[in-house]
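Next up is a structure, given as structure tokens.
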């Protein structure tokens, strides 16, 4: 573990101020799995009382990025190169949480798996796999 | 063509008010291809003066959804089931535009291809393929 | 569970005779997870003594299809609509096995997750997510 | 263009002898787009007289790989890191052809788009995007 929960939270606040309104918070980080939670408000809702796809994609991308930084540290300016997401079930209007685990951490590529849960829904509402390119500079 | 540019724009305003701050606008719609443009402001920028991935995913999802509605009409409550996006190049800070074309429009599934361009960058900055489930109710 | 291991194996032999040379076998099926194993021969190897990508895709597709049939029965003529695979590590020349689990089994869509292991390699060598369309006829 | 059609064909025969039974042939290569054709025989067919998904994935992977080698030369030992494929329509029993174009050719990553056509079917039967990692050694 290269960064603690507090260091990741501080990094997020400092580097991504425009994310602040989303009030995401790191619920769990043990050096292997990271869980990022996000409250749902009007801005994230869609007609029919469901959460927008982009909201879930934003949460997935952020959770995966924090997992990667937690493992390699803030020095690397990693960029997302691919995101694949399957929307599995209709989320409720409750809080979302994304559980991120590393499928592969290589020298130049990292591949992260994400399962997104919605408060009050038993099974995952979305599943995503993201790839990040890690600059050689690392 | 089941909906005109004006009808799609009105639908977007009415059904997705939370999208209004993004000030997306339909630049082109001829019944085959749809181009959706989006100005870039501070909220969409990342450290280093690039556009966030979620911003491009939101644009891709919205452009694909409008293309689908333009072809099947507003009656169908289609939902995104899969999104795959590759980030190809660093966008500039200029306006983004997404060109959407239909790869397949079936009875229950629609598959849309998206190429995203950034003002001032010759080649596409992102490429996405999205799948929508169309309810049998259609 | 709509089909047993023996029923699935018989279905595979009967419906997909051209798969016979691959000598795939169902190692485990408990109604939730299915593991399909495949020996590696010259035909599957690539320069440098690694397994070809198409070999792993074939195994993933077959494992996912058997899992789906095991859950819904042989009546449904399900078709693969999307496959996404990430190649994580270089496989060895030993046997491959694909562990299939259902992410979502809906009325018209099923989404399956696959982890592929290579004998002698601790971590998964590939990870795949597949979507199948299930005909309404079901 | 770093390799000609003849050089690519010779490379394929030499490096991938196990592909020989598939009798794939490069129909077109102009330095930008490459088209790879493949006859369909019993081994590639499925119940109902359609082509198997793995057959199309093999063709896509091979066409994309040849396009990449055609552009960077045989020195680079590029490996597929991700393949995403959407199956759009039922192919016929006629010859398949894959049209490959480069979405991005970077120093360490190449992203290729593939459209697969089936003889006698007007619209594409499959669409794929593949990512290759190019070793720094390049």
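Brief remarks on what is shown
Going by the order they are written in, the chains are A, B, C and D; count residues from 1 in each one.
Note that in this section contacts are C-beta pairs under 8 Å (C-beta built on N, C-alpha and C of every residue); 3 or more make two chains touch, one makes a residue touch a chain.
Only a predicted model underlies this, so the values are computations on that prediction, with no experimental measurement involved.
Identification of common neighbours of subunit A and subunit D yields B, C.
Interface comparison, B-C versus B-D: the higher count of C-beta contacts falls to B-D. Centroid analysis (C-alpha atoms only) places A farthest from subunit D. For this pair, subunit C with subunit D, the centres built from the Cα atoms lie 22 Å apart.
Subunit B and subunit D have Cα centroids separated by 28 Å.
Between subunit B and subunit C, the centres computed from C-alpha atoms are 33 Å apart. Residues of subunit D in contact with two or more other chains: 81-82, 84, 86, 131.
Shown here, the protein chains touch in all possible pairs.
Residues 84, 86, 88-89, 103-104, 111, 113, 123-124, 127, 129, 131 of subunit B are the ones that touch subunit D when the two sit in their complex.
Across the interface of their complex, subunit A is touched by residues 15-16, 18, 42-48, 52-54, 57-58, 61, 77, 79-87 of subunit B.
The touching residues of subunit B, counted against subunit C in their complex, run 81-82, 84, 108-109, 131, 133, 136.
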